[in-house]
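Chains: A, B and C, in written order; residue numbering restarts at 1 for each.
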Amino acid sequence: MPLTLPPLVDHHCHGVLRHDVDADGFASYLTESNAPAAPGTTFFDTQLGFAVLRWCPPLLGLDAHCPAERYLERRGELGAEESTRLLLRASGTGTYLVDTGLPGDLTGPGELAGLGGGEAGVIVRLESLAERTADAGQDAASFLEVFDHAVTAAARTAAGFKSIAAYRHGLGLDPDPPGAAEVHAAAARWLTDRPPGGRITDPVLLRHLLWSAVRTGLPLQLHTGFGDPDLRLDHCDPLLLTDFIRAVAPHGCPLVLLHGYPYHRHAAYLANVFTHVYADVGLALSHTGARAAAVLAEALELTPFGKLLYSSDAYALPELYVVGARVFEDALTRLTDSWTSSGAWSEPDAARVARMVSAENAARLYSLVPAGP
Amino acid sequence: MPLTLPPLVDHHCHGVLRHDVDADGFASYLTESNAPAAPGTTFFDTQLGFAVLRWCPPLLGLDAHCPAERYLERRGELGAEESTRLLLRASGTGTYLVDTGLPGDLTGPGELAGLGGGEAGVIVRLESLAERTADAGQDAASFLEVFDHAVTAAARTAAGFKSIAAYRHGLGLDPDPPGAAEVHAAAARWLTDRPPGGRITDPVLLRHLLWSAVRTGLPLQLHTGFGDPDLRLDHCDPLLLTDFIRAVAPHGCPLVLLHGYPYHRHAAYLANVFTHVYADVGLALSHTGARAAAVLAEALELTPFGKLLYSSDAYALPELYVVGARVFEDALTRLTDSWTSSGAWSEPDAARVARMVSAENAARLYSLVPAGP
Amino acid sequence: MPLTLPPLVDHHCHGVLRHDVDADGFASYLTESNAPAAPGTTFFDTQLGFAVLRWCPPLLGLDAHCPAERYLERRGELGAEESTRLLLRASGTGTYLVDTGLPGDLTGPGELAGLGGGEAGVIVRLESLAERTADAGQDAASFLEVFDHAVTAAARTAAGFKSIAAYRHGLGLDPDPPGAAEVHAAAARWLTDRPPGGRITDPVLLRHLLWSAVRTGLPLQLHTGFGDPDLRLDHCDPLLLTDFIRAVAPHGCPLVLLHGYPYHRHAAYLANVFTHVYADVGLALSHTGARAAAVLAEALELTPFGKLLYSSDAYALPELYVVGARVFEDALTRLTDSWTSSGAWSEPDAARVARMVSAENAARLYSLVPAGP
């Protein structure tokens, strides 16, 4: 039975490119790799590549599974803006919570939501905020003060914060907030040694960022699991956050574990046993395409149904909004169909859980007014 | 084709509450968490919650998937004892091997089996035995001597021992038996520092407990994987036991890896390559409910069919006996149906393996006389 | 829809026994264990055992799922050579890339391919090559020189190299090539201390072997994941190779991650994000039998379709060639059927990916001319 879903709340996504891309550029966004495909292979020959060519061509007037060249040709004829509009509007997304911390000629939250016909919110990436603050070239005391004000200011309007400590150091961080002197010394060292545009990787500073966000009480998103090869996947197991999660518990700050794959069962466990932990499988559903139902099913083993969120983690290509939404809905439909037809779940429960995961959980967590009907 | 199963041997379970519970109390047993549900959520909205409301209401004269309130109301009308009797007897359990180490107003093994109409055996929890011994307030030498006698005495009547070293320290223990002087010093330290009722967490003492059980030759159950947030899940990967397993091999003591989830494939590997290792997926089937067949299937990839055991790990709620048994049987039926209909397994093999896993393996391992039909 | 596959390229396999085996000998090859089955159990009661008795008896004129005794009796009547011929020829294997590093009375590559009616290539096992070199009893300088020449000579004719560093030390090796002085000292130490036939386990020497192979530019196969109990499974997670993979990247040497189970999703991730990394699930499909489709599906989540390879990892029993091939084809057929019938994949794509994974990827990687139809 097809589920009737509300407009999706995509609680973790990014801007899309303002300009057209060629075939190689397009393919480079179908992988988390930052290197070329191996000789004789193409990134279109992946579950994500197949999913793009399944779902997107019909939205631009072509047959599903048409050749990639044909699709890109059609996309070029329409232009980046019109393609983006058609694709976003077909995705069924009602609310976009946009991580604005990625570089590049990308649409901002309002622009994205305008093209897609939805509402926008902002997720502030802590590391980008700190690096932009450092770019102003101050000393450690000023840097820390300005960053502190920036976090406080951001908390007044943002839906939440996000950390990519997973990329910058791995999740095996000391769980407790660092002391002021320690933070000052680390900041001084970093500001002195930092090349222009240099990334923040010092574990003391990364912990300071995390705790600065925790103190605001807004939801804090944490990258865990699968991502580009900047990270070491085994250092991104969400279980490495266990002691941090325990340390945060008394502070009342919800922690949202993003992606998690292939450790999504670990994230689900944490969401099960810790009151303030939530989970999504964002990126993992798009990248596993035809296998998304299997991955979502694993996340739904232990994650309480009130704590699983939808996200596309779409970035650069509006196609990734379509794929994120379609594979999620398709996966959710298959699973609930299978569980209701076996009698394991009732149909009303299935419909209720589908609404929760698609939009209601995120609306409650981020204090949103869900987009209309 | 429905499998015809013998009465189940539940080789790892616990007593149930002697008294009625209210809705919050009931819900608190539907999770391994020891904290409240997140705002706007309930532990009934989990795979385990849905499984309870699928299987149990019909046994008390209600429709499956009725509202939780209606179910609890009916349960209250019947009272704890009558509900327990109805639920246990419907579970199809013939033998209960009860870990008696949990606190609370719980039924003992004989009482439980009496209510359920089956046979009872005892699994002695090593840490509880040591803590009860320490409660008597002796010095280290006496403590060790009394504990040693208690293990020897228990071995005469118990079906096996159980360790929760996973909770108390994690499984990354030194694999070898500690020396006598080392044990004495650790015991002296613990008995001196111990607050009333204090838990045993010293790794030397935990190893002493394990090796005390190994020397009896009775099956030794080890908690691995998923459990309450007292443990760190990544410290409970059964592979951390590899060197302990090797050290135990010459002693002829069977080791039984409980639960394992989400590391149940790791436990299955160990059962495959080490003669004296057995596995179950106890707790994991109940908690994953509609997904139990997928989890059981993963355990059945490498576990030799003569070495997988059934358990409910039920605790406090008789409902958990029903859920444990029904999801196990349902999962086993689905898997064997699928494998026989594809031709991968023959029907006689499927029926034989189902009997082995349900009862015969446990009967052989624990030297039981299986309960009659 | 049945897939039409080309003759398989089995890029990682071993010789088969030249002589007959009795029932216990046969059963000992159905497990990675090197110890007897537990009391009351048999290795025939495993997914691999069931798969052997599903696929092989019909090839020798018996019914599928006949008793093991009947199968072994028939096999004995035919004799080892004739059974091997019948089984290999029925496996559909066109090319055998044989790891020649295992001891025992096994068929060589040419002999194996002759019996099976296919082409042969050689995979040189680095550790065996080093140990054979050391058997000649030279000093460190000569040993290193002779080994170096042996690698260079092997590279002229071999299809690739293989390392079992996973067994000898685990994969947590320092990623960089060791310095010449360090290697010399380690070699001197090893040659002095080595008992006759002693294995190479020194991590400096294991790294020297790996880098000697990397410098040839031929594909380097690395054992990862599931294997016999000589290894510690948690030390064989392919993610432990991440820094080695990064260090190898500039050298243009393809790395092939074998087996991987239960970490095959980790291997798939590495193949996704690193240009020069390939993966197979060899051993894992045979050993999981009725579950092979589920395991293959997990590998196909992130592995780019141009980078997944087929292998049987068959060893000693020709039955393992049959099982490897049949469970692979059956799994691939089920998955592609399911994905095309849901519309996730197109039928031409499914057929194309099936050819790639069965033969074309390996032919490209190892510069083979695929065997004719």
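Keep this in mind: contacts are C-beta pairs under 8 Å (C-beta built on N, C-alpha and C of every residue); 3 or more make two chains touch, one makes a residue touch a chain.
This structure is a prediction, so every number in the text was calculated from the model and none was measured.
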item: Angle of rotation relating chain A to chain B [CA atoms, steps of 5 degrees]; value: 120
item: Classification of the chain A:chain C interface as same or different, half of numbers criterion; value: different
item: Chain centre separation (chain A, chain C; CA means) in Å; value: 37
item: Residue list for chain A, restricted to those that touch at least two other chains; value: none
item: Complex contact set, residues of chain C against chain A; value: 237, 239-240, 242-243, 246, 249, 254, 265-266, 269, 272-276, 278, 297-298, 300-302, 304-307, 339, 342-346, 349, 353, 356, 364
item: Residue numbers on chain C that touch chain B, as the complex places them; value: 31-43, 45-47, 50-51, 54, 64-65, 226, 228-229, 232-234, 261-262, 287-291, 294-295
